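The structure is given below, and queries will be raised subsequently.
Chains here go by letter, A, B, C and D, matching the order in which they are written, and residues are numbered from 1 within each.
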Amino acid sequence: MSDFNIIRLHHVSLNVTDLEKARHFYVEGLGMIETASDDKQLFLRAIDDANHHCLVLRQADQPSLHHLAYRVSSEAELAQLEELFLAEKLPLRWVEKGEEQGQGRALRIQDPQGFPVEFFCEMDRVKPLMQNFHLHRGAKIKRIDHANCLVRDIDQAYQWYTEKLGFRCSEYTVSGEAKERLWAAWLHRKPSVHDLAMIREIGPRYHHTGFWIDDAKTILDACDHLASIGYHQNIERAPGRHGTSNAFFVYVRDPDGHRTELYTGDYFTNDPDWEPIRWELNHPQRATFWGTLPPASWREEAMPVQHILSGELLDVQPPV
Amino acid sequence: MSDFNIIRLHHVSLNVTDLEKARHFYVEGLGMIETASDDKQLFLRAIDDANHHCLVLRQADQPSLHHLAYRVSSEAELAQLEELFLAEKLPLRWVEKGEEQGQGRALRIQDPQGFPVEFFCEMDRVKPLMQNFHLHRGAKIKRIDHANCLVRDIDQAYQWYTEKLGFRCSEYTVSGEAKERLWAAWLHRKPSVHDLAMIREIGPRYHHTGFWIDDAKTILDACDHLASIGYHQNIERAPGRHGTSNAFFVYVRDPDGHRTELYTGDYFTNDPDWEPIRWELNHPQRATFWGTLPPASWREEAMPVQHILSGELLDVQPPV
Amino acid sequence: MSDFNIIRLHHVSLNVTDLEKARHFYVEGLGMIETASDDKQLFLRAIDDANHHCLVLRQADQPSLHHLAYRVSSEAELAQLEELFLAEKLPLRWVEKGEEQGQGRALRIQDPQGFPVEFFCEMDRVKPLMQNFHLHRGAKIKRIDHANCLVRDIDQAYQWYTEKLGFRCSEYTVSGEAKERLWAAWLHRKPSVHDLAMIREIGPRYHHTGFWIDDAKTILDACDHLASIGYHQNIERAPGRHGTSNAFFVYVRDPDGHRTELYTGDYFTNDPDWEPIRWELNHPQRATFWGTLPPASWREEAMPVQHILSGELLDVQPPV
Amino acid sequence: MSDFNIIRLHHVSLNVTDLEKARHFYVEGLGMIETASDDKQLFLRAIDDANHHCLVLRQADQPSLHHLAYRVSSEAELAQLEELFLAEKLPLRWVEKGEEQGQGRALRIQDPQGFPVEFFCEMDRVKPLMQNFHLHRGAKIKRIDHANCLVRDIDQAYQWYTEKLGFRCSEYTVSGEAKERLWAAWLHRKPSVHDLAMIREIGPRYHHTGFWIDDAKTILDACDHLASIGYHQNIERAPGRHGTSNAFFVYVRDPDGHRTELYTGDYFTNDPDWEPIRWELNHPQRATFWGTLPPASWREEAMPVQHILSGELLDVQPPV
């Protein structure tokens, strides 16, 4: 196993079809903080963030995932990652310093399952608003937590992220009775439940971005806030506790359908003898510990992903 | 308008088919406190209660509503109520002191819509457990709040309760476009949103009992507690905020299907110029302010009610 | 006992020495909503309020209590109250409709302990902001709850409010061992712990106004908000639970020293057999159920009260 | 700088003078879970814990700190640590597997400031009670978070932990005007605010153990629970938010005076460009963001620490 020091999922970049509508949703609705913007893009951060952005919105013709970005502990690791990716013959390009505003140079690839993924180390610093409580609004998002991806070949994806990139598994779900197989996995670099969740599905598609909120009450307050400014139809999945991850959640969707999980409550996963928690797909408390099933849209709808070189949206295919 | 001093909805009596299963749900699950019991009945109270019971469970062959009970401010009012009910030619009987354990004499009627309703003043006192926080368990129910009844003729029911018994209306829902008509009403005696909600439906059927919880977080904790002891399938309707009443809620069902609302958050309704809040049936935020619809079972299922004299369950009929 | 239908404590009017500083504290700090103002006065309301104001701030040379106001259920009761007060030979005057902006005519007296008290029925209606959650700010105050007064002769005050005006007692504190005497009482008209608390002290002085908040978490959020905009020195008494009243609280002081209690968690007190809860003054959990003592300023400092006719501040004297 | 992979502060071992009284406080009061015990010692764990203990209580003649324990990622690191400690000529001994029940072999030292500190990797696994919500009681402690030590020479301590053991600094406090010097530091291995806080004081003394709670409301519930079973005098410092660390806290003391912080709300500290937050000792919001000062006992009282070889309690001396 390699041991690149990937710190954590650091930001997500989404293509949206109406930047002003998106701004209203994320800034007025979710309360994210605008660091910079022009007529093509918007750089947002969360309350605890000491860097330029954890969410980038880009004006585009169709909504899709532009890229996920992981932060590494030093510039030197980018060169090592490049070596690995070249050996793997993955689509790859260097993003020069400043090409993504506020960010140092970055290595961008299409991962083996087709996801656009970026690795970088440097980003402009900003003053966190942690103790400027009067500026905490909407969902009072503290920081980005994880990305959830629908992959065609989860066995390959699991192996690649754990063996090549040093992700560890906190929980996983299996399906099938006669012959059991992996259905989903929660992988992490920071010592939480996940930086990256992957589910065996029609793919590649991007399911949601999870953001950390301090507590369940604040998530309920976020629902009230969203509903009172007209976003009640954007609250897709009612508040509940996940069986897997044990987190309390609500899911909301932006005007393009990009899905955000407001999330709180995971646990420490870095002890050396941690054993991943195993769930069976048909466990009645897996999806929601309280028994409620997610709505059909949550199970069925997800976003296409963009190619890092061509800019085309990748075709989606059934799981292998 | 008469002006009997009905204080509030005080307790509910339910017929259950397995007293031990019911005891486990209400005591171990919801954390209600057992005041007294024998092999046929169980008297439960809530944390703030200074009297013998706010919920009575009775062993029976079929689940149903045995009766709702309102407390009046003095014994003298019972005689005045009898006079009214006799004039109305309603089925009526006196329940002698002690016939319902811990309770003084009571006047029991079948109301014009068919609901078994009791009026009483005296009940044995007990020490409230308000500040015995170590004994607060499960849903940490503080007190009973309201009863929700499905009535065939809501215009009649509304008129009777407001004009004959002095209930006031806090909120109401109308349906229909060309010709608007009353669909539901929230009526109160104590200065909250309601002691009695009524909905135009197949009736008479009993929909749920609402209990007061201190705050939304405690309701979420109750879900965790219920789900961890195997009652996840009993959580029928996920947590949310009602448009009507503005309360935060979750709905759970006991082993017989009796429905309980864990409820928090209403407002003061006794100012002299209070104007009832009007909702249209098709308002997307009426049922849930956050947009989610209740599940089919919540909309369709409710309990039959028992006749106070014959003990028979009343036939249910479509709304008029 | 008379039976005037006093509904509840409805608003408080305070004299402040710098209206702009006071506005910043109550509007930006506590999040109260401005209904109307001019250069001499400011009318504020809370989230649930359906009427013009629950707090009036008036520019004055010295900070003091201008008056407390109780709402009655009809205009007719004002005449009955006048009759009582004339018989009692209390200082009295009619406040004409509109003299206090937004309010109908009112009867203002100096109560036997020297407090300026007003009774009124009519007030302009406004739309409550209950479900405009995006406009809930600061302490998210829902409504006024109670007034706390320091009186020289508590036996007289208790007798007058309970026997002449129909207040009921929910809790009380006694002091002394050989010969026990009343030290404090919590009196209510609405069915909560109190509309009016009175403590035997140097008086007449006004101790604080209590406002209702939905839950304890919101009170903690209010502290964060106040502290982040520079009001940390205004948080006088740290969050805790009262033994008496069982409420969760924090106390804050405005720029003039007027004290506000952010308060949540009382209970229903209108059952006919409610027996007041008795506390001994030296019970270690009386003031704070968690054992902490209030700071000296909380115990020692309070506001003078104004005469309704002369406008002079009343001399304060030791308790009798 | 060395780079031993110390994972986190893992457990604390305290000497108590009455094991039964201590058991009642930690199990009935704080809700910790008993894994094992005999008449001399008690092994407790928290809700999320997947290992044998995070707190050990040992019967002794005098209360003191027995040792702090850090977990490392592999057995191999223990040998490297031994090499370092031998070079530093620190008092050292190996604790054989099982000498501390449930734990593999451990290396125990007296650190340069005199604190008894243990390093280990292996510990018996247990099933976490994370989703057994019905077994969560008292303070609902999820896991241990940090230790707070009073050291005589903070410059030496800071240098040793950061340079020799690879701790990083999240926040620090400086005192003095003409010549500024370090007064306190928050050091971490896991990516939170701290595993180890150190304050320049009379030392060596142990100030408190911090345990992680999910949210502020649960900490308030813990106060209610403790106070209702007679531990109101054990609540030493009222709930508040720290300036430093930004955490919400309450401090309680066990029957021997060992101090526990119930703690929630820190932030992610492992980004490569994290810059420690600087506080001045006289900042009015440093100790409590809301302005309240800690009580004298909190500032002045702390526990002696035991020598790992002699078992004697170390003399305490003024800071250098």
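One rule holds in what follows: a contact is a pair of C-beta atoms (placed from the backbone, for glycine too) under 8 Å apart; a residue touches a chain by one contact, two chains touch by 3 or more.
Since we're looking at a predicted model, the values are computed, not measured.
Engineer: Can you check which chain pair, A-D or A-C, has more C-beta pairs in contact?
Structural biologist: A-D
Engineer: Could you work out which chain's C-alpha centre is the most distant one from the centre of chain D?
Structural biologist: Chain B.
Engineer: Could you work out how far the Cα centre of chain C sits from that of chain D, in whole Å?
Structural biologist: 44
Engineer: Counting only Cα atoms for the centres, state how far chain A is from chain D in Å.
Structural biologist: Computed from C-alpha means, the inter-chain centre distance equals 33 Å.
Engineer: Averaged over CA atoms, how far is the centre of chain A from the centre of chain C? Could you give it in whole Å?
Structural biologist: Chain centres of chain A and chain C, defined by C-alpha means, are spaced 50 Å apart.
Engineer: Taking each residue of chain C in turn, which ones touch at least two of the other chains?
Structural biologist: 131, 215-217, 224, 227, 289, in rising order.
Engineer: Which of the residues in chain C come into contact with chain B in the complex?
Structural biologist: Of all residues in chain C, those touching chain B are 7-8, 10, 48, 50-51, 71-74, 121-123, 125, 128, 130-131, 142-143, 190-191, 214-217, 243, 246, 264-265, 267-268, 270-275, 289.
Engineer: What does chain A use to touch chain B in their complex?
Structural biologist: Contact set of chain A toward chain B: 215-217, 220, 223-224, 226-227, 232-235, 238-241, 248, 284-285, 288-292.
Engineer: Which bits of chain A are touching chain C when the two form their complex?
Structural biologist: Touch list, chain A to chain C: 131-135, 215, 217, 221, 224-225, 227-229.
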